[in-house]
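Per-chain residue numbering starts at 1, and chain names A, B, C, D and E are given in the order in which the chains are listed.
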Amino acid sequence: MTVNDLLNNMNVILPLAVLIAWSCMLLIVDLTIPKGHKGWTAVMAAIGLLLSLGISIARFGTATTGFSGMVISDGFSYFLNMLFLFSGLAAIALAYDYLKRMGIERGEYYVLLLFSICGMMLMSLANDLIVVFLALELLSIPLYVLAGFARPRLESEEASLKYFLMGAFAGGFVVFGIALIFGATGTTNLTNIFASIRSDTTNLPLLTLGAGLILVGFGFKVAAVPFHMWTPDVYQGSPSAVTAFMSVGAKAGGFAALLRIFVSAFPALSTDLTMIIWTISALTMFLGNVVAIAQSNIKRLLAYSSIAHAGYILMALVPYGNTAVNKDTISAALFYLVAYALTSFGAWAVVIALEKAEGKGLELNDYAGLARKYPLLAASMAVFMLSFIGVPPTIGFMGKFYLFRTVIEGGYLGLALIGVFTSLISAYYYLRIIVIMYMREGEPEARTEFWVQFTAAAMAILVIVLTLAAQPLLNLASKALMLTF
Amino acid sequence: MTVQLLLFLILALVAIASALGMLISRNAIYSALFLVVNFATVAVFFLLLDAPFIAVAQVSVYTGAIMVLFLFVIMLLGAERAGPIQAIQWQRPLAITLAIILLLEAGYIIYTHRSLGTVVDKQIPLGFGSPAQVGTALFSSYLLPFEITSVLLLVAMIGAIVLTKGEKK
Amino acid sequence: MGLSDALNAGRFFYLVPFVVFFPVIGLLINITFGKWFGEKIIGTVACLASGLAFVVAVLLGIALTGQPQGMSLPYLNWITIGSLQLDWAFRVDTLSVTMMLVVGGVGTLIHIYAVGYMHDDVRHNGDPGRFRRFFVYFNLFIAAMMILVSANNYMMLFIGWEGVGLCSYLLISFWYEKGKDGIGNALAGKKAFIVNRIGDFGFLIAAFLMFKYFQPLAPNGIFTFDFQTVANLAPQVAPSVIVAITLFMLLGVTGKSAQLPLYVWLPDAMAGPTPVSALIHAATMVTAGVYLITRSHALYSLVPVTQNWVAIVGGVTALFAATIAVAQFDIKKVLAYSTISQLGFMVAAVGMGAYVAGMFQLVTHAFFKALLFLSAGSVIQGVERGEHEVEHDPSLRKRMKHEQHFDPQDMRNMGGLRHKMKTTFWVYVIGALALGGIVPLAGFWSKDEILAEASTLNPVVYWLLLIAAFFTAFYMGRQVFMVFFGEARSEPAAHAKESKAIITIPLMILALLSLIGGFLNFPSFHTLTTWLDHTVLALASGEGEAVSFNFVVAIVSTVLAVGGIVLAWYLYMRRAGDMQKLPSNQRRDDPLRSIIGPVFTLLENKYWVDEFYGYVIVKPYQWLSAFLADKVDWVFWHDFFHDKILAGSFNWVTRTLSGPIDLGVIDGFANFLGDGFKELAAQLRKIQSGFVRNYALSIFLGVIFIIGYLIIRLR
Amino acid sequence: MLPVYYYVGLSVILFTIGALGVLIRRNAIVIFMSVELMLNAANLAFVAYARYWQSMNGQIFVFFIMTVAAAEVAIGLALIVTIFRTKASIDVDQISTLKG
Amino acid sequence: MNLVLHPLTLTVFLPLVGVLVILFLKPEWKNPIRWVALVASTATFAISVVMLTYFQVGNPDMQMEINVPWFQFADWTISYHLGVDGLSVLLVMLTTLLTPLSILSTWTAIEDRVKEFMIFFLLLEVGMVGVFVSLDLFLFYIFWEFSLVPMYFIIGMWGGPRRMYAALKFFLYTMAGSILMLLAILWLGINQGTFSVTELIDKGSIPASIQFWLFLAFAAAFAIKVPMWPLHSWLPDAHVEAPTAGSVILAGVLLKLGTYGFVRFNLSMFPNAAIKLAPWIAGLAVIGILYGAAVSYAQKDAKKLVAYSSVSHLGFVMLGLFALNAQGIEGGILQMINHGLSTGALFLLVGMIYERRHTREMDAFGGLWKIMPIYGALMLIVTLSSMGLPGLNGFVGEFTILLGAFGSSYISPWFAGLAAAGIILAAIYLLFMFQKLFLGPLDKEENKILKDINWREILTLVPLLIFIFWIGLYPKPFFTIMGPAVGKLVSIISTAAGAGIP
């Protein structure tokens, strides 16, 4: 590999390369920033993200492979890159004040955040199971640390440990699954796997089992039932700013892998796998939404909500083997991810605004009377809740609309019915939050820190505006195609 | 053939026994030591399977570095035995049952699909699995993963520091 | 062009909307400006409104003499939907104008009377402000009644039909805070409205049937409900349909004209001020049913089955009500049952096809029954004035029986009034004789014509009516004797005062009409017959109308009438006098009670029909609606089914699986989706034990299931 | 060479024992070691298949798995040490304050 | 007429201007906020009147259509597609009329969080009008669901003691129905390739067997909204707890969204299924009529009584619509208007007394007419209108409905016959209410000091009364407006019937 080759290959992953370089640099620069001024690290990190985001946007629409087919940068990966980078920005905005308030402000926070984003971006670029695996670890390891960032708070440490142990456990299944796939096809490259299935030299049962185990691993990452159980504990225990990032970034990363692997390598296995995904999706939607009803802690509630939403996105994956609709499968899932990301960040912003030190201010009852005292905050939260339910004119509705369309088009009306039914159940607990904010009296206390408020307001506006002017985002999602063969 | 089989069976027995030993030992140190035995056995398998570099790496990285680290931490914490509280008694029998089910499932699959695994021995290319080949692969087609690994280790380092660095109050 | 030309050319027909407009204008004036008017102006406006309507009616009548076939006058399109076209259209013909004349004429007289009557009444009842409201209602009634009689189609007629019902409701409950328990009047009004609604239900069904079966035959396929079209098309429609239509219409008639089985509202309707009873519940509104059947003669004549039913209903009602009237003590209740009975006569007549006889009775009855009611009003006010005087004279007051509230309408509290209220007495006697059917008063001729028809057409009805006629004479005699003769039976009666001229003059006019009204259709002249022939006989089969005066019938009925009066005299002059001599504990309030005892009680209690309806219809419905509302809708449907089962369909599952658990975490609000799902949620969240090994187990389970599933799939 | 399923069978057995370790042991370190055993089992399968397909890919993969495992161990042990400082225990059953 | 200054666009979105202005007002400036809301909604009414002048009577098709692509959804085009025809224009007018009146009625009744209230109220108007004029299924669905939200807040924030429960129930019930409709809409989009209502109707290419299921899915949404028996359970809760203005709009307009949906979608797009299911729907409608009437009679709370009466009245509407002939459908549509006017007025009236006495238990009243003569008179007129007295609006609607149902070739005349009995029952419960409130002696001390209604309150009622009389005496203009469109609908149905379904 000549230098020229190397440069060309680096060019393929330019946004990622830039971000990795920036992160390493930030690690060093951070040493020079005195304690108490770590805001500058945040700013720097944001600049890095923006830089990478700029490149991604500029590159959107191109499609090439690189590093001997290890990575593939296409519409799909750029779209997800943008989403990850955007999540990173939002996460920084949320963390900026939060870390100070909680007394855990350290420069490494931003560095780790950036590395985790690198992992996510790598995930979206991956075209080889090796890269997938590495990306998974690169994504996860910083998150394990971030989850425990509020140490020595026991909850934070517990969250971290649970996340770590479960992550490692699930990682074991992924690895074994990859082993089986390798055993079945003799390759770990997705393109080659696809080709080998075609050429009939494959041990299909083995491959299917391998795919099943991969599903377990990434099901864990996206928090699908029954691999979801870490989610509420980890979401609750982690610092809220981390949780916000985790609930969007990690999930999106998991879906990036699932979509990439299943759509580009395993369409032939869909007859066997569809039913499994169907069931997981249905269980996830149901369980997530039902158990959320019983929650009184807002973070746990949002955790279950995030589980439920994983179920919705999984719905899009169900008809992935149907060539007539798998284009929509990706677009719908991506669109929903965006919708979910916007809404979720907004909701977490409100949570963060109300959170007090030592984990106070997280009970639902602490939200009573919010509408009277902080009308804008409450209004934003109401918008997010409605978006989570899927009430127009919020982007959550658009996302569901697109999803259900894909599912019905794929011929899974039953699943769509479960989807709408569970979103009805979900209305119950989302509305409860609105009820508490608007219809109960109380004396809530919220921080009026700029970036948190800004995030909440901006997300609320985006949630509505991107519905009414949905065309650009829809276009983007529909152009987020995978380079297929 | 039979020699190979015999060797395999003996090694397999050792591997399984040591794994079970790790599972059953009350004392965490014993567990760690059983695991060392297990890893070493597996390294032998690697050698048998024409993967000398991996076998060496297994012994040095796993058996050597990682397991020592484990033992070190166990000693450091002095937490070789868990307390007597058993909160979820039902978990153990259920887990064992499930594990047996999993094994049965796996056994069934392997048994029914065994023909797919018996390909006639082909001539192994020269130097298969040698450090040279591994090195070449790592720096050509596997360049990116290799580099990512470095980042990963960096992150792990930072992480470990962040997690353990003392708080200045 | 002179007036007579205009009349002959039928130009005056175009005035017909004004029979409606004048009263409407009157009521609008009184609503809008009445606040600033005194009673005199309000009264004048109202009387003028009614009077002008009458003038228009007269003009129309005169015009009809020139063009007796009349005309229909479409005024405004009301509803047009596809094949349905309903117009505000007026009908000028001899029948409608007859009704207009009655309504306008009697109406105006009663208006005038009411100005005097209500002046005292509002003061007696303690709310002078309601004077205006009364006349607004009254004008509204005239308007509605005019709509009813001048309509050219069934649906416009129905507007008037329900409109008069509304006015009836409003006027019955005029003193809505009075009556039994303070709510009696309001309840009476409600009863009237609802019972009428039952009748209206019949009317509506008849209209629907008409539309369904007549519309396809209608010219251009557009059905207008107008009388002429219906009459023309009727022969082409299956007789069974006509039977259904006419029977449902009969249900409407029994409601409005207080026939069996829906007559129950009319006696209660006496709760309204007396002019109301006179105008609405005697002279005009209640005869609407008779008018309706006459209007629909083309239908009824086609189906003898229905005709028979109508006649039987009329005949039985006539007798039934007459018997009840015998045992009533309230001066107005007697007249009310008498009205029902007389309406029975009319219905029987039109049922037999004797439309002219029915209409004749309608007209004369309007005169004398209005007279009777108004006179009764005069009596009541006279007694009230007496009461007032007694109240203000301490010496007299002591002699008042104070055990119970004094009822100025109870005939047992009257007696000897002929000296106190001379004019009233004389006009009352004229009215009573007319009603009793004594030659040569109006009632005699009309009733005789009906009886004569019945004798040839329907013997059963004839006998029913004949016996009813006897009772009629008897109870009128009883009333006159109880009220005007003998000794005053209470202090107020002893101090009763005659009414003012504004009250007595209308009475005298009506008395005059009652005297001479019979000449409208005097045998061998048959003025009314000829007059109505233009409208009615032109289509009717013609049988019966030609029956001439029957001397035998006339003599029999006269003998019975006189007999009734004599019997009344015997009982209430002779026996009553004897009774006064008995010790008070043996004294009966009515001589007849001592003779027929239990039967009298039965009659006094009106055969307990109200109670019967109460137990069979009202109570069950109240129970049903309470049951539906409380048990079915709320407890079962709302709380149980919707809130528990439907929303929480998993309730049962979780309960059976885990037994009921108490969930302390969730507060009590919005428990509806809850219970079920919340319990499920609570169960499921228990899985989330916090033990990381459990979580691993869950993942492991997932793996095993996936592999298991794939094994099955891949086999 | 023996048929590859011999090795895969062994790998599965080891993997299951590893998984079982996670499920039934309460000592966080032992659980973590069990995870390592699972990874090791996967490695065995990889190498066996690499031999079977005569492809270096499998061996390279094992190399990466080992590296990752090392990274994980660094984080994992650091975490365990940290939590031990706070809680003075590494019994995972006692680390269960977050639940529901 | 361009996109923005198009009369329909203006009618739908003008209240948003009010919302924007109110957003910039301080919450303490209660009166200015009220005035802005009132002006905005009145202006909307004015605009809708202007819109009406553009409306060509006699044209059966969509008018003032505006059809601009909004966005592409994969291969679907979602359009900003608005239009009115005879079926919807009157309902738009009803909405724009009732909104300012409701706002006027809250002048003194709502003192808490006036700003939020007015914002939600104006947003509600946007949603409701939007539902009536949108001709794109997607757009329709957006407005449909959106109209839920402000109402949810209005009930939940300004309602009675159990308001949260009622609000939640209202939301969840209506949403439960509409999610099925969403699936049906998606199905249509997938299999018919368009969301344009007009196009779908004109094509008429939905197979009869599928129509059945689509019909049911749409009907689920609409039937809950109407609400048809037995899905009415949310209604009494919502009405009893909602503030007066909320009830007025809820009964006056929101319920009409359901019946309108039946006309616009179920009858027009799935005529075959409509014919097949007509007897079933009519049966439920009749049960609703009788059941609602019976249950009303047993109520002790005046508002609850009126709420249940809606079940009965809407039963008439449904019966009319599923008579599937001109009389029935026109009657049904007119009855929607009538119910909006009469029941809206009834809720206003009950609200007025509630504002004075803070109770609606009918036993707490009696003899009010004596001290509140104007109030009593107005109540009487409205009551009579509600029970269908000829000469007032209710009768015209009910009569034409029953006539249509009786003459319908799709449903048995027995339905109409039984429904006609509902007219008797209506008189019973309405007169009962009137009697309990106004008649009888004025024997409660706390009632003796009540003041008659003031000019503002009269002003809120007068427009309704004008229409009550107008429709009662001269309904022709209303029928003329809807006539051609209904004619077209009827011909669609009869074509479907003629095409022969088994």
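Operating definition for what follows: a contact is a pair of C-beta atoms (placed from the backbone, for glycine too) under 8 Å apart; a residue touches a chain by one contact, two chains touch by 3 or more.
Note that the coordinates shown come from a computational prediction; the quantities given were computed from them, not determined experimentally.
Visitor: Which neighbours does chain C have in common with chain D?
Guide: A, B
Visitor: Among the chains, which has its CA centre at the largest distance from chain E's?
Guide: B
Visitor: Please indicate the chain closest to the centre of the assembly, with centres calculated from CA atoms only.
Guide: E
Visitor: Based on CA centres, what chain would you say lies at the far end from chain A?
Guide: Of all chains, C has its centre farthest from that of chain A.
Visitor: Can you identify which chains form the pair with the largest number of contacting C-beta pairs?
Guide: B-D
Visitor: What is the distance in Å between the mean C-alpha positions of chain A and chain E?
Guide: 43
Visitor: Averaging over Cα atoms per chain, report the distance between chain A and chain C in Å.
Guide: The separation of the two C-alpha centroids amounts to 76 Å.
Visitor: Could you state the distance in Å from the CA-based centre of chain D to that of chain E?
Guide: Roughly 65 Å separates the two chain centres.
Visitor: Suppose each chain is reduced to the average of its Cα coordinates; what separation in Å results between chain B and chain C?
Guide: Comparing mean C-alpha positions, chain C is 100 Å from chain B.
Visitor: Which positions in chain D are in touch with at least two other chains?
Guide: 4, 8, 18-19, 22-24, 26, 31-32, 48, 50, 52, 60, 64, 68, 71-72, 75, 79-80, 82, 92-93, 95-100
Visitor: So which stretches of chain B touch two or more other chains?
Guide: Those would be 87-88, 91, 95, 98, 102, 106, 109, 113, 142, 145, 149, 152, 155-156, 159, 163.
Visitor: Got the chain A residues that touch at least 2 other chains?
Guide: 130, 134, 137, 141, 144-145, 148, 151-152, 160-162, 165, 169, 205, 209, 232-233, 294-295, 428, 432, 435
Visitor: Would you mind giving me the full set of chain pairs in touch?
Guide: Listed by label, chains in contact pair as A-B, A-C, A-D, A-E, B-C, B-D, C-D, C-E.
Visitor: How about chain B: which of its residues touch chain A in the complex?
Guide: 109, 113, 116, 139-145, 148-149, 151-152, 154-156, 158-159, 161-163, 167
Visitor: For the complex, which residues does chain C have touching chain B?
Guide: Touch list, chain C to chain B: 689, 691, 693-694, 697, 700-701, 703-704, 707-708, 711, 715.
Visitor: Enumerate the contact residues on chain D facing chain A in the complex.
Guide: 4, 8, 11, 15, 18-19, 22, 28, 31-32, 35, 38-39, 41-42, 45-46, 48-50, 52-53, 55, 57-58, 60-61, 64-65, 68, 71-72, 75-76, 79-80, 82-83, 85-87, 92, 95-100
Visitor: If we count contacts the way the header does, which residues on chain A are in touch with chain C in the complex?
Guide: Those in contact with chain C are residues 161-162, 165-166, 169-170, 173, 204-205, 208-209, 212-213, 215-216, 219-220, 226-227, 229-230, 232-233, 272, 275-276, 280, 287, 290-296, 365, 425, 428, 432, 435.
Visitor: Spell out the residues on chain B that touch chain C in their complex, using ranges where they run on.
Guide: The touching residues are 87-88, 91, 94-95, 98, 101-102, 105-106, 108-109, 112.
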